[in-house]
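The two complexes that follow have chain A in common; it is paired with chain B in the first and with chain C in the second.
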Partner chain A sequence: MKHRVISRKLVACIVFLVILVLLPIFLKSPYELHLLITIMTTSIAALGFRLVYNTGKTSMAQGSFVAIGAYTSALMVIRLGLSFWLTLPLAGLVAAAIGGIIGYPALKLRGAYFTILTFGLAEAIHLALLNGGNFTGGVMGITEIPSPVIVLPGQASIEFISKVPFYYLALALLVLTLVVMYRLDHSRLGRIFGAIHDNDRLAESLGINLGMYTTLAFTIACFFSGLAGAFLAHYVGVITPSSYGLWQGVYYLIYVIVGGAGNIFGPIIGTAGLTYLSRFLIAFGRYQLIIYGAILIVFMMFLPNGLLSLLGRRPTHFPGVDRIRGYISRSRE
Partner chain B sequence: MDLQLGGQVIVNGVVLSLMYILLALGIGCVFSILRVISFAHGEMYMLGAYVTWMLVTWAGMYYLIALPLAIVVVFLLGLALERVLWHPILDNPMACLIMSLGLLFILEGGAASIFGEKAKSLATQFPGVLDMAGVYLSVERLVMVGISVVIVLGVLFFLRNHKQGQAMRAVTDNPEVAALQGIPVSRIQMIGFGITCALAAAGGGLVASVLTISPTMGLAPLFKAFIVVVLGGLGSIPGVIVAGFVMGFIDAIGLTLIGRIASLLGFVIFVLVLLIRPRGIMGYET
Partner chain C sequence: MALLEIQGLTKVFGGLTAVNKLDLTVSQGEIVGLIGPNGAGKTTFFNLISGVLKPTRGKIFYKGKNITGLKTNRIASRGIVRTFQATSVFPEMTVFENLAVAHHLQTKASFMGAIFDSPAAREDNRDIEQKTMSILDYMGLIPFKDELAKNLPHGHLRLLGIALALAANPELLLLDEPITGMNPEEVNTVMGKIEGLWEKGITLVVVEHNMKALMKLGHRIVVMNFGRKIAEGTPEEIQHNKEVIEAYLGTEEVV
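Let's turn to the complex of A and B:
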């Protein structure tokens, strides 16, 4: 019985993937493709945010790691003349390394302390990029970032001029991220993250090394942020210190919570839903921000656990832990 | 650094510090009383500035009457917001955080569509310059410092000696035990939220007389105030005051001596303090 449910899910995923692969054939408008590319790359970073969130830490700095990835890739391609296909994973690794170095001491902070430290971190990264002089290009950032090229055997090559190749690259990166996140969720590691999220003190008492595992989750999240950043730098062609930063990170938080953090598809649903909502709200001119805010409030009043809770999914990994925790906190008070 | 420059830096430092303290006290109290982080707090600061500006420019009121009126208006708004928005979902801090972001968007968008994006400013309310042994200080800034000091001391006195303030501290410590002592926890939370909004509005109203006001004016001080709260230690009022002065003076001295990159210095100090002492300068809860 259980086996059939899983295979049905798999079939649904494959059908959805086939639709996404075939979409550019029917969708001719570059703007629609651009929206889809934006949603897919944002989802990659949002999925990273969700991984950190599911270890009980709320990081507002994920947008800044997108910026680090973008700058790393752009600088390596322009200054060192490396190929985009090399700098794409390298940008992820650089972002992951910086994330790991900062994360290890920072993740020792609990709750709101960590969240507000990441505000400071985002602002510090922004200021560093802004004041980087010739190295980061200051306020103007880096312009004329070359598009990727795939060199085929023989004389042929695919240049990324139209949006279609970018679309497939973004789709491939998103599928890669989803597979990694799915495997993480359903592995021993994912259960350890879940245990830390549900009750970090209880998890620690079971011998789980909090510092190591939260740093690991943060590092993986930063890797994917960096990957998304490297893609975006070459897709947009221009990167400035204010392209990605604190507000981008805040939006990842909104997307993940509105979509639901319990499932890997939550961040994607949240990102897609809210991106299309903003697009629809453009028609309202200067009132769009007000309507967007009102919709967010109504959402949180009636669906505080996200859109996925409509499907009856529980936000926590281990329902039993909630009961135990409730018992412990009751007996303590 | 000569005497004149030193005097200016000190006055600017005190002014900045007091603004940070007014906002950070509010954010700290909201966190202590409701256990949520509110992004909408900077918008209360913005509202305080705009209401003061409206009362002075449109209704032609005297500044010293308009300021308390604006504080009362935002206080009442805070009471209503706590009842309608925060209270029903207080058990879910993450939902509260997203909701406060929604409120931020509404208020910022609302202010932009009513008043326009363009920055506005009040005419100088207290003209004149004071010459104190070669150091020139504008009367306006001194009045501003005086009013903020009175407000901060008033809040300290309220929390320490007034019955409602003591009840508020009890709720902060432990809502369940407070309820057992017969303290109306829900009402205290509402009043507490209103007071924190009023504090932010006071900051905004005071700033309206010396700086320009715009729909996005609440954001930068909001983030600074977050940092001040955590630097001082969540739940510690003396900590907020110390941290407010630290950040205010770093910004004032840094801006004068090394320019724009000074703000980075503040963040670096903040990160270092937290890494060495994770609960902030004077925090006692984790």
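Let's turn to the complex of A and C:
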């Protein structure tokens, strides 16, 4: 007799999701909503970083792909007159394509060499956007990016004027990202990514094509970064070459290390925790960055698997096997 | 039938010639022992066959096809799998998970299928589970199946290393010092397992320093020194070969 067991984790997720959905009803402050929107969109990019990080490659360029997504969507809407709802996924695809093409040769480098290359990559993208002339708007970037509008049947439409519709869109995008990342983790691909992370030489000797899989992870990460970028372009309304770049890449690293790379919720916890912390650290002005650096070092030394590892459970490194265990127990019923 | 044919294999690193014009033929169903002092080039030789290194000169043929210069994962998919000297496992995964991922070459479902849990992916998982348990059973590792690989005692790590190579479904298995550092009891166990692999039809090339063990197991012994093949023959012939004795036997390295 087979029956579906609804796990406690799933219930917890649903409850949390309901809370998040109902939150704007009670939370009236635009600033608080803005913080949450920022946390959610940053988490999307941080989850992309995590995916690449879990194949053993630390990429500092994810912020640049947020920028690529932002510019792509803004340009397509303003210059080509396309609907935001089309340019949103397109921006993700463009970022993914560029990521795949640049990533494939880059990912042949190992360890620190790859990371150094991504520093250079981030700078190169920054320069390309800066020197894009009329195409990218140069140093001023692109302004007056229109807010999205949902056109409903029957002449009505939902305009994105207050922060509330943006909040729900960001939430939807984050949920989408989480679902995809969860499915990846719990599949054969997740096992392979983890094997490459643990011992890539061994993985290769067992028949795993390193280039293909690391490029796949990188491409998927760039897609979601592009998605986040497209959202941000139309949320903030302005995009410049310095809006998103190397610095964001560094932040994603810190958020993922602090929250924990083992679990898909780690990056969200890291992002949320440090974003709220930064409110208090604002008083320190420029020294804020030193504190972030110190936090990163402390975590890497004493809690490399992040806050989530404090829960004591083994990180869901290769939960793909849980599927297999499920078959063992179900076949015994 | 010649499974592996190596012609004039040479590898030069700057000023050092690690492997020097090596010729070797391995027939299907053989167990070939490869011995030589440390630094003779044995591991470099394995690296060349398995695609970790590209030869400077020479050719490698597998089942009649030229595989020289192919990437490691392509060579593995053709049937040549090797183990590593410093035991290679996936430390942060359990023994079971280690083996599950090693079955990669035998999965059938596509990417999207794997992500979205298609029927093919589910069948893959069932298949992998069965094969994994079977190998774990053969290697005597079932009690450890949920243990993180990094926590395994040394002897079991080597067994896991061999188990992983076995999961990749090799026709030709290159074992790099499988029993180095083991006590006599462990040696017996592992050599027994290795012989069992041969009985299953896998052709073996084994690098080892333990002469006693190789003499019992190997059909043919090849001796390397300074990157060259200096002798080849049955275990008895090798033991009485003057050059080999001079270069290698009689030193403290040999058990």
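Throughout what follows, the second predicted complex is superposed on the first by the 287 of 333 C-alpha atoms of A that agree within 3 Å, B and C clash if a C-alpha of one lies under 4 Å from a C-alpha of the other, contacts with A are read in each partner's own complex, and residues count from 1 in each chain.
The working rule: a residue touches a chain if its C-beta (ideal position, glycine included) is under 8 Å from a C-beta of that chain, and two chains touch if they have at least 3 such contacts.
Quick caveat: nothing in here was measured; it's all calculated off a predicted structure.
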| item | value |
| --- | --- |
| First (chain B), second (chain C), both or neither touched by A:210 | second |
| Touching partner for A:289 - first (chain B), second (chain C), both, neither | first |
| Contacts of A:185 with chain B and chain C, given as first, second, both or neither | neither |
| Touched chain A residues, chain B compared with chain C | B |
| Which of chain B and chain C A:257 touches, first, second, both or neither | first |
| Partner chain in contact with A:200 - chain B first, chain C second, else both or neither | neither |
| Overlap of chain C and chain B interfaces on chain A (superposed complexes) | none |
| Residues of chain A that touch chain C when the two form their complex | 180, 183-184, 187-189, 191-192, 194-195, 197-199, 201-210, 216, 317-318, 320-321, 323-324, 327-328 |
| Sites on chain A touched by chain B in the complex | 58, 105-106, 108-113, 115-117, 119-121, 123-124, 127-128, 130-131, 246, 250, 253-254, 257-258, 286-290, 292-297, 299-301, 304-305, 333 |
| Chain C to chain A touching residues, read off their complex | 50, 52, 71-73, 76-77, 81-82, 84, 88-94, 96-97, 100-102, 104-105, 107, 109, 111, 114-117, 121-122, 124-126, 128-129, 164-165, 167-168 |
| Sites on chain B touched by chain A in the complex | 31, 37, 85, 88-89, 92, 94-99, 101-110, 112-113, 174, 176-177, 223, 226-227, 229-230, 234, 260-261, 263-264, 267-268, 270-271, 274-275, 278-280, 286 |
